[in-house]
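Below, subunit A partners subunit B and then partners subunit C, in two separate complexes.
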Partner chain A sequence: MATTHARAAARLMISPSVILLLGWMLIPLCMTLYFSVLRYNLLMPGDTPFAGIENYQYFLTDPAFTTALINTLVLVVGVLVVTIVGGTLLALLLDQPMWASGIWRILVIAPFFVMPTVSALVWKNMFMNPVNGLFAHLFKALGLAPFDFLAQAPLLSIIGIVSWQWLPFATLILLTAMQSLDSEQIEAAEMDGAGALSRFRYITIPHLGRAATVVILIETIFLLSVFAEILVTTNGGPGNASTNLTYLIYAESLLRFDVGVGSAGGVVAIILANIVAIFLMRAIGKNLDA
Partner chain B sequence: MARAVTPQRKALNTAIAAIVGALIFFPIFWTVLTSFKTEAQAIADPPVWFAFDWTLENYTAVNQRSDYLLHFWNSVVISVGSTLLGLVIAVPAAWAMAFVPGRRTKDILMWMLSTKMLPSVGVLVPIYLLFRQLGLLDTRTGLVIVLTLINLPIIIWMLYTYFREIPGEILEAARMDGANLREEVVHVLLPMAVPGMASTVLLNIILAWNEAFWTLNLTAAKAAPLTAFIASYSSPEGLFYAKLSAASTMAIAPILIMGWFSQKQLVRGLTFGAVK
Partner chain C sequence: MGHISLNKVRKAFGDVEVIPPLDLQINDGEFVVFVGPSGCGKSTLLRLIAGLEDVSSGEIEIDGRPSAELPPAKRGLAMVFQSYALYPHMSVRKNIAFPMKMAGVSAEEQERRIAAAASALNLTDYLDRKPGQLSGGQRQRVAIGRAIVREPAAFLFDEPLSNLDAALRVGMRLEISELHKRLATTMIYVTHDQVEAMTMADKIVVLRAGRIEQVGAPLELYENPRNLFVAGFIGSPRMNFIEGPEAAHHNAHTMGIRPEHIDVSATQGQWQGRIGVAEHLGSDTYFHVHDTGLAETITVRASGEVALRHGDTVFLTPQADKIHRFNNEGLKQ
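This part shows the complex of A and B:
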């Protein structure tokens, strides 16, 4: 029974946030769209003539775009598979009765709080370095030839690093969902003679479904934008072997200073992210009604 | 009724969890350990575990060499500054939406969330050029502004889910008992709102501290926070593992500790209340 007066006050309280976010969204978005149809390179001062769809044509037909698109997909799907499967197993494990469970949970969650540049550099130098890394020492001790992870399997190595960072997130959310599972339901199934596997298949998995959807969608949003890990480990290389869409656009805009092509790439990235976002919003919006 | 668990089963679970936990935590442990070694010991093969000359020289070296404290301070200013600024803007909005919900409240919330889905790289060029024009490149002010706007939707959402749990009847009861508006806010609302606000602040400091797209692209030497400073170790000269470890340890320690305290809120904040 809010009065008109209260409504007006509420509107006044909400408006700063709305105006700021609207500005933050619309102004850069319009500028990106505008730049994307100009021939505009910061290295070539002078006119910025209208270029139509030239930049889009250039960006989309550049072989690097196809590579980057595939790399982006491989990176996102690879990390999702590792974190969802690993996260489910870890959550199952941590949900079991045990001593000092809080301590083990803390150890598992810790990587999430490590800033991306630190975790990328620690993995790159102290583990994956072909001469001085721990893996190199281990391989040598086992009589194997040293393996230069970031040169020979750059994308796979980055998937490994990023998975390490995101495994805690998936674990934590799946564990939270698992702990809200009604134990009476499980006991009832047990009494009815359901084995451990079918209990997991028919009770736990459906219950985790929604949490897993949220994990997948949120991780996808972040994983589409993986940047720092690539910048400090491989710089997108060798060649374009570990360049994703975000890194490609960064390279066009801030390394080659091509504002036009970089902006066209930005528009493409926004469209791709929006496709994911629509699904995410549905999942979260449903919950808002509840 | 809890199901009976044999001590053996419990011991086995504990052992597996300890091993898995140790493996996942190992890179962090190894970084901290290496930070106390000399550079020669840091790359020794076979690796040295505990029997080395523990030294603090890397911490001294890092602090002297590269204005480490300046970058640390930049991180503090940027993460705390953007969180507090965000809070000032978000509290009224979340408050109004939680206590005076209108027909459009849900739409507004969903729209705010949708701004978070805009990939940063999509607006990299205009933000970079705007900042260059306005002289905000490589300034702490510039980063505070960007990070505030980036995290504003999360702050509003988290506060909203917390505020919504405060029962409105309590306010009415207080009013009936003759409390005036000031008393209502100070004695009834604030005590109930403070825990949620604290969690929100904690999570957002963590997110801002670790943000590594805008901090890398919009700063150079002056305003670079630790994310960008650590990135400068990617083109090393000479032996640097122990120093890298020391710099990394100092960069992650405060946030690791805060993170461990905010585990529960983390789930809620990062899933926009979809999982509690």
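This part shows the complex of A and C:
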């Protein structure tokens, strides 16, 4: 019963978690905002005078900022494209009746359980190493010069590593969506004269729209803040070639010990993430409406 | 054209034989209804004809052409599914246009056929809606519209009305019958509702466990059921079956008498019993009569209102010329 009394009691009951959540989010946010307007460098201990927008000016005019911004977007878009396309194809494959399908499914999902640091290390040392890596051996076996992935195509290599981690997630969500497709719809399309390709294009893909939207939104949140893979493999280099915003903030605040500029970068990143979120919801959010 | 013939068609899923070898002729323009209890293989048979399942052995000929190698789309048949199977992300117009788009029909021709189908099915106002924004009956009509525009050799319906409420079902039943009269196309219609079967069919096929029990016109089945199963399945309420001395008295192992062929009297008659439940419908009155010593209950249908109540003693008299006699194998004598 939604009486006034019951509602008051309900509010009282949920208030601890609401307060906890608010504190959890608001305190760090406010402190970041506060630090971002201070001249606060750990190499110069002592007073932390008010600096106005100086930190922001410094961060935004840093030539590395534009590069990092572009790299961030390229990374997000690249991984999204690979995981959505690859995930759809893998889901299609796993949806076929085949021998030991349970085992295949678990194998495909496995990379998702590997920690980012570990998977980046494995890729860096086992696959991409120009001397001992499997790819190097493969190239040599084919009579080609080994390709130093992390030095010559650092951003692409990181896109590859991160895609490998997120492919299982996309596959899993798209596979469940594919399995929820009413088989009578497929049969109806078959009777209507649609071949396998037309059925995929006109029935399956529209049906996957909502699941793909969920994948895009969730992945974007995480991909905007990719960090461990970069730290472990390229350290943002060579130069700034594989520095994204998260890594740039890390470099400012922890490598240069400048808490003020790091915080300003954090605030800029929050704003950019929100712009991306608004843009995404405008573009594909309507898929989520029933 | 829509002549379909099934020769020794057999279907097994793994070891389970769902349809033992079966022969059936469906003539051009006929409205054929498959009836039978749940799980008897009606849908399977329909899907075999549609080509959505492969026959295990035997042959299906459509207009004289063996269809073994023909994929569903090439058989010239249109199917209306129980769940309607509309494409949820397409508007009604696009749903109806889909088969024509796949067949490469020109845009003007598509428009013309959509308009014709929409006006025939009262869908003109809904063409730009999505299926999710339609009522059950409207969705059903869209599914039928999508079938009509293909101008198929035959329509296949798999329990198309079972998701609708009673009133709507009666309405749609009439619409489908009218559609059949107008198009004069072969229709195969699956149902387990024997009222639908009786009212719509030119020919009823009664199935049990994949076997054809009897094929015939509705009244033929009603008046002349070949065995106990058909006798019990066709007609509502069910035929009464009486065994023992009374049946022997009529020279049968089992005698059958329909509820509407028993006369009721408060004063005199052949059998005496006590009324259990009395259902007064106004137009008819159904009595469930106990303690007759013949069978657990005898159902009787009296025309109009009969002023007998629960607990009253009644006398029943079967109409002698309407008695069905079955031998000990359940076959009509």
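One rule holds in what follows: the second predicted complex is superposed on the first by the 263 of 290 C-alpha atoms of A that agree within 3 Å, B and C clash if a C-alpha of one lies under 4 Å from a C-alpha of the other, contacts with A are read in each partner's own complex, and residues count from 1 in each chain.
We take it that a residue touches a chain if its C-beta (ideal position, glycine included) is under 8 Å from a C-beta of that chain, and two chains touch if they have at least 3 such contacts.
Computed from a predicted model, the values in this text were never measured in an experiment.
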Once both complexes are superposed via subunit A, do subunit B and subunit C end up clashing or fitting? fit
Output check: A:202 vs subunit B and subunit C. Expected answer is one of first, second, both, neither. What do you get? second
Touched partner set for A:66, first subunit B, second subunit C, both or neither: neither
Max touched-residue count on subunit A (subunit B vs subunit C) belongs to chain B
Taking the CA centre of subunit A as vertex, the centres of subunit B and subunit C subtend an angle, in steps of 10 degrees, of 80
Is A:187 in contact with subunit B, with subunit C, with both, or with neither (first, second, both, neither)? both
In the overlaid three-chain picture, which partner chain does A:179 touch, first (subunit B) or second (subunit C), both, or neither? neither
Superposed on chain A, how close does subunit B come to subunit C by Cα atoms? Whole Å, please. 6
Same subunit A residues contacting subunit B and subunit C, which ones? 187
In the complex, subunit C residues that touch subunit A: 50-52, 71-73, 77-79, 81-83, 85-90, 98-99, 102-103, 132, 146, 150
What residues of subunit B sit close enough to touch subunit A in their complex? 1-3, 5, 9-11, 13-14, 16-18, 20-22, 24-25, 27-28, 30-31, 34, 43, 45-47, 89-90, 92-93, 95-97, 99-100, 102, 106, 108-110, 112-130, 149, 152-153, 156, 206, 209-210, 212-213, 216-217, 226-228, 230-231, 233-234, 236, 240-241, 244-245, 248, 251-252, 255-256, 258-260, 263-264, 266-267, 270-276
Complex interface listing, subunit A residues touching subunit C: 182, 184-185, 187-194, 198, 202-203, 206-207, 209, 290
Any idea which subunit A residues touch subunit B in the complex? 2, 6-7, 9-11, 13-14, 16-18, 20-21, 24-25, 27-29, 31-32, 35, 90, 93-94, 96-101, 103-119, 121-127, 132, 134, 137, 140-141, 164, 167-169, 172-173, 176-177, 180, 183, 187, 210-211, 214, 218, 221, 224-225, 227-228, 231-233, 245-246, 249-250, 253-254, 259, 262-263, 265-267, 269-270, 272-274, 276-277, 280-281, 283-285, 287-288
